[in-house]
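To keep things clear, I will list the structure first and then write my remarks on it.
Naming follows writing order (A, B, C, D and E), and every chain is counted from residue 1.
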Amino acid sequence: MLLRKRIPWVYLMAKIKVETSLVLIYSTLMAVWHRELDINHISIPLAVPTILGTIISLLLAFRSNQAYDRWWEARIIWGSIVNDSRSLMRQMQSFISDPDYSVNVNRFIERFGNRQIAWAYSLGRTLRGQQAFEEKELWLTAEERIWAGKHSNVPNALLSLHARDIRTAFQSEWINPYQQVELDRTVTRLCDSMGKCERIKNTVFPTTYSLYIHFALYLFIVLLPFGLTASMGFVQVPLMVAISSAFLLIEKMAIYLQDPFENKPTDTPVTAIAQTIERDLRQMMNDDTRTPQAEKQRSSEREMEQVYYVL
Amino acid sequence: MLLRKRIPWVYLMAKIKVETSLVLIYSTLMAVWHRELDINHISIPLAVPTILGTIISLLLAFRSNQAYDRWWEARIIWGSIVNDSRSLMRQMQSFISDPDYSVNVNRFIERFGNRQIAWAYSLGRTLRGQQAFEEKELWLTAEERIWAGKHSNVPNALLSLHARDIRTAFQSEWINPYQQVELDRTVTRLCDSMGKCERIKNTVFPTTYSLYIHFALYLFIVLLPFGLTASMGFVQVPLMVAISSAFLLIEKMAIYLQDPFENKPTDTPVTAIAQTIERDLRQMMNDDTRTPQAEKQRSSEREMEQVYYVL
Amino acid sequence: MLLRKRIPWVYLMAKIKVETSLVLIYSTLMAVWHRELDINHISIPLAVPTILGTIISLLLAFRSNQAYDRWWEARIIWGSIVNDSRSLMRQMQSFISDPDYSVNVNRFIERFGNRQIAWAYSLGRTLRGQQAFEEKELWLTAEERIWAGKHSNVPNALLSLHARDIRTAFQSEWINPYQQVELDRTVTRLCDSMGKCERIKNTVFPTTYSLYIHFALYLFIVLLPFGLTASMGFVQVPLMVAISSAFLLIEKMAIYLQDPFENKPTDTPVTAIAQTIERDLRQMMNDDTRTPQAEKQRSSEREMEQVYYVL
Amino acid sequence: MLLRKRIPWVYLMAKIKVETSLVLIYSTLMAVWHRELDINHISIPLAVPTILGTIISLLLAFRSNQAYDRWWEARIIWGSIVNDSRSLMRQMQSFISDPDYSVNVNRFIERFGNRQIAWAYSLGRTLRGQQAFEEKELWLTAEERIWAGKHSNVPNALLSLHARDIRTAFQSEWINPYQQVELDRTVTRLCDSMGKCERIKNTVFPTTYSLYIHFALYLFIVLLPFGLTASMGFVQVPLMVAISSAFLLIEKMAIYLQDPFENKPTDTPVTAIAQTIERDLRQMMNDDTRTPQAEKQRSSEREMEQVYYVL
Amino acid sequence: MLLRKRIPWVYLMAKIKVETSLVLIYSTLMAVWHRELDINHISIPLAVPTILGTIISLLLAFRSNQAYDRWWEARIIWGSIVNDSRSLMRQMQSFISDPDYSVNVNRFIERFGNRQIAWAYSLGRTLRGQQAFEEKELWLTAEERIWAGKHSNVPNALLSLHARDIRTAFQSEWINPYQQVELDRTVTRLCDSMGKCERIKNTVFPTTYSLYIHFALYLFIVLLPFGLTASMGFVQVPLMVAISSAFLLIEKMAIYLQDPFENKPTDTPVTAIAQTIERDLRQMMNDDTRTPQAEKQRSSEREMEQVYYVL
């Protein structure tokens, strides 16, 4: 799903080109200034940037950890959405008893499965701040689309429709009471996953930590030349650029990882995961059709999504 | 829900202005004293503050981690309160069978939903040490308000009322035994979330860790000028202020994060989350009303809550 | 529940007074010896204590983490004991159907609730190595007290009595089979919490880690003056005391946190938590009585417990 | 299952021979260059590589942690597959009531158990990107093989067959409704484990972190000789090789651990675990046969798998 | 259960005596060589061992963490085995309805409880690589012993017998369907605990990490004298021994903790825990017997187990 292609250096560096340029200019000025005016007396002992470097390293490690955990939790949630979608479909098919092989029941199961696919797509879109439905939403009936569209939380409305269908099945005696409760539990798990995604989406990483790391980082960059210039002259310029771009890159990565639902090319691949759900649920509904065309079209879409995942 | 607006530097610095001023005065005095009286013999090798700096960094990293975990756990608990409120409502609606379409049942469900909204608001208020009810509590009937008001733990009393209603529904044969047990489980999860909030609220972060970090931090700040003055003179003053304010800011942040229910502008947004519950449950109860006015009013309230979240 | 009062420095320092005195004597002797006999040739480069300082910092961070986790887990377990006690009572009240409003059933529920309160108190006492019952145990009947007293694991015996009562209720047809199983699950969760407390109580933190940290810490303290004396003379004495007391305090804190059930003034507040359970369960049993006197008396007891919590 | 044999140094070093050779050449050139042309003025103070070394250490620690967690999570998932396979079989045998001791039921259970074994093998193969079935798949009937082969996700198709069989058993009244739901839950857990494996398989470790660590590592290696050559001459060459190979080895290990399903000799031992499942399930099905030959053959296969596990 | 007795230093040092002796010889040789032949030019700047020291500290911290986690997880698993054994017994007693007070049922429960005790003992023995049964296995009937002995996984076979007994109880109508399912769940939890122990037992800690830490550690020890000798002469010998034994001790501890089921005196106390299960289950079966003799004998056995636990 995610790519492993080599990321060109240019791409990486573009992310921090402004900061790196500033560092370049600053350290060059420092070196020039040092040669023109002899300012030995304000050279700073290297121990000071070393202390700062240790703090920043620890803070960046802390932040990378938390950002990674958010990103990985988002991935885990979508993984369990896949699992629960499959389980819901499997339970639907194995629980419903239909001695008359009626057409109604088959249509019912199919509509239920289609709605589950629509739920996955609309949850992904909602999290990215897009419209919950595409203009031509194929997986829902017209009534479902209109009814759900009236709610501010569309995926939650679709789960309510699931619950109503389960009640209908129970009242029509297609499923027994235990099966109803068990299906409801699977829907509850989907409801939990939905709420967890919203939590990650709506809770920003404590802003002041970000700010502080910024502050400490620039303090470090500003101080470093005072320690280096005296002994190194112009050689410090490439050194400064290399060291500070290293720190800046880590910071950028944490910023990208910590918000996994922002409709950036670096997101959690919610569309690709919803496509997996679509593929599996459709195969579970019609055993005999592999639909190679749709498959191919979809895999080309997936290709397009592979633009430099993560950062 | 949380803001992302730029936090003005002034705001940040106001939090540590006393400490920073003291550092400023102290390091200036040190520099003056050094120039007037030649006191080379008590300059401290820089390795000593370096060792201290490493310890403090590790301790602050440890503390930031624990404080962040408390804050994030509080957020997770309120996230699951949202999920379980939605599930409770969805289960109520899909479990209750009402062949006569009686008015009673509809009122019953509505009262249940209203009480769940009241529970979320009153839990938030109780955690912040406020009155459990607003003066005009709209979501409860008069009897409920009086009865619950007699208890010291109001949210727990409301859950007891939930349990009684579930029993009534069972005895009226609106739900079957399995559904009763399943509803009770959702109430139990709400009860667990409530208890977890109380645990975080009532357990202070081990006081001595806080004290110790304070102690080590000031020891570090006191020692640093002895290492710097000899080689740097007055240049050490801004350096001292910058380094120590960096450390002090991290400490402050941990202090703010570790107590997420203290009715400070930087809390877990319990009111905003309760409003989300209100919005979703009301839409689930009356499918056709989006009530844009209420929506707008509420979003303006939310605006007001956005005063510099976290720190 | 836990205090936030300022801990006097004297209290903190009393914990490490022996060690600090030894450091004071040792570093003074070193400084004197250095001045009398010129022993420059065995001064140690400061990099050596720096390396040691880094290791010790990491080890102390590791140990603080594990000790904190044990303490926090103990707190989480007692939090869930509160939740499950409330749920058990709520389930009892909402599950039992008693069409005749018989006195028997009311007494039954009351005895059950009282036993749950007794369970919480006796578990706390057992964990602290005290007698499971107070001399005048008010919450149990005489038979229950005698029967449970015959067992080596009293809280487990009380849970067996719970299970018997649940069976009686089932056989008297006060509850249906699903409700019996559901009540049993709540009892099972209480049984799990009990076992988790015993695990923390009975498992010591790996003794050799403690020993090793001690060893590395004293090695560090012994070596440090060799690095400092040459350049600093008597100034090193207060420095040595400050640095080593910092390290020693962290170690002490970890030692206190890692055993949360040792009947020290710094424990997990099991009595206070059991009092919360008592208060909530009693209110759930008799809706109309707030019993302000009992409340007041209890809050004064709580006051007494507030003697410098955690270290 | 996993080996503990001594890994020859040669094997380890072969993994990083290219990188080590480059370091060797580079540091030799640096030493030569330094002796021929006096270039004292661009020697870098050692504090610079020290700062870099600290950052890299922290980043490698972070990465090792995450890679280890992925590897350990994969192991945990396969551990729970073993547990759930055993539970599924045990439940099948103890739930099905068969008063007539009919041959049908025995065959039914056996087919179910065989399919579970086939599921474990095919999941392992699918994760490694191999064909889901061996050419001669012994554990499935011909129909099952054909039907499952039509699906893109073969293990999921086998779980659907499980669900159908459970439905058949329920409709034939071999199991009661509660047992059906309970069996379905075990199947749901297997479905979850399957999805978790796919998640780990399909989610690459954030590529930019890998890249950044690479970048920082080579920066460190390039800078180090500037600090060392001046004082050490050719002695720095072995030193450079030793230090950099240490860092490179850790990086390699993280790369190997982070992808536990890549059909390398260093994978999670999915085949060996599936063999354990096969052994236990077969013994559960036929109590009396220990089949020592099969056992021996299998253990020799296991021998072959022991080629230098992990890295 | 675990001891807290003072561990003699001799015991600790014996674990690393070979390594320490080698370090002693090596550093003495270095000091001699340095004095005889003047080799100033290959003294290494102390920054190099400092960098290495930082890396090793972080790696050892990482490894200690993982090893501790394995050890603690093993302890948690055995803790939940205690809990589930108690719950299983309690459920057996409170679920089975026996209106005739028949002898059969009492014997049935007793046999079930005895088998659970046997299961705990045999699981402990199997994990330590011992025979699953003692020669005189008192807790099983002869048939059970023979039947289980035919299986390669004896504890799993005992769980199958549990399942059969539960089926018998269900078919004899001593328990209802919900109770059967609930008992099966407790057995499933025991089966999970068993599988988790096997996972920890059968998965070695990634061998190359161990190797690498070894490599880095010896590199550090080899390099350190080059930095120290020049300035310190023979004083470096005790210093070298002290520092390197500190590192070596931590490594040893991690090695001991990471494999908690190896039949060393430092294991998870599986026998002591099984004895706790025996004590509690026997008391639950015969309320009136405290059997003080057996108690005393057992506590003396426990004494013997207390030989220097952990390391």
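FYI, a residue touches a chain if its C-beta (ideal position, glycine included) is under 8 Å from a C-beta of that chain, and two chains touch if they have at least 3 such contacts.
To keep track of the chains, here are their UniProt names: A, B, C, D, E = Bestrophin.
In this text, all values refer to a predicted model and were calculated from it rather than measured experimentally.
Superposition on CA atoms relates chain B (Bestrophin) and chain D (Bestrophin) by a rotation of 145 degrees, given as a multiple of 5. Annotation: 39 Å between the Cα-based centres of chain A (Bestrophin) and chain C (Bestrophin). Separating the centre of chain A (Bestrophin) from that of chain B (Bestrophin), both taken as means of CA atoms, is a distance of 24 Å. Contacts with at least two other chains are made by residues 47, 50, 54, 58, 61, 178 of chain B (Bestrophin).
Viewed as a network of touching protein chains, the structure reduces to one closed ring of chains, two contacts apiece. From chain A (Bestrophin), proceeding by way of chain B (Bestrophin) and on round the ring, the chains are encountered as A, B, C, E, D. On the side of chain C (Bestrophin), the complex with chain B (Bestrophin) involves touching residues 1-4, 7, 12, 46-47, 49-50, 53-54, 57-58, 60-61, 64-65, 68, 71, 75-76, 79-80, 82-83, 86-87, 90-91, 93-95, 97, 176, 178-179, 182, 186, 227-228, 231-233, 235, 239, 242-243, 246-247, 249-250, 253, 257, 279-280, 283-284, 287-288, 290, 295, 309-311. Interface residues of chain B (Bestrophin), counted against chain C (Bestrophin) in their complex, comprise 41-45, 47-48, 50-52, 54-55, 58-59, 61-62, 66, 147, 150-153, 156-157, 159-160, 163-164, 166-167, 171, 177-178, 180-181, 184-185, 187-188, 191-192, 194-196, 198-199, 202-204, 206-209, 211-212, 215-216, 219, 223.
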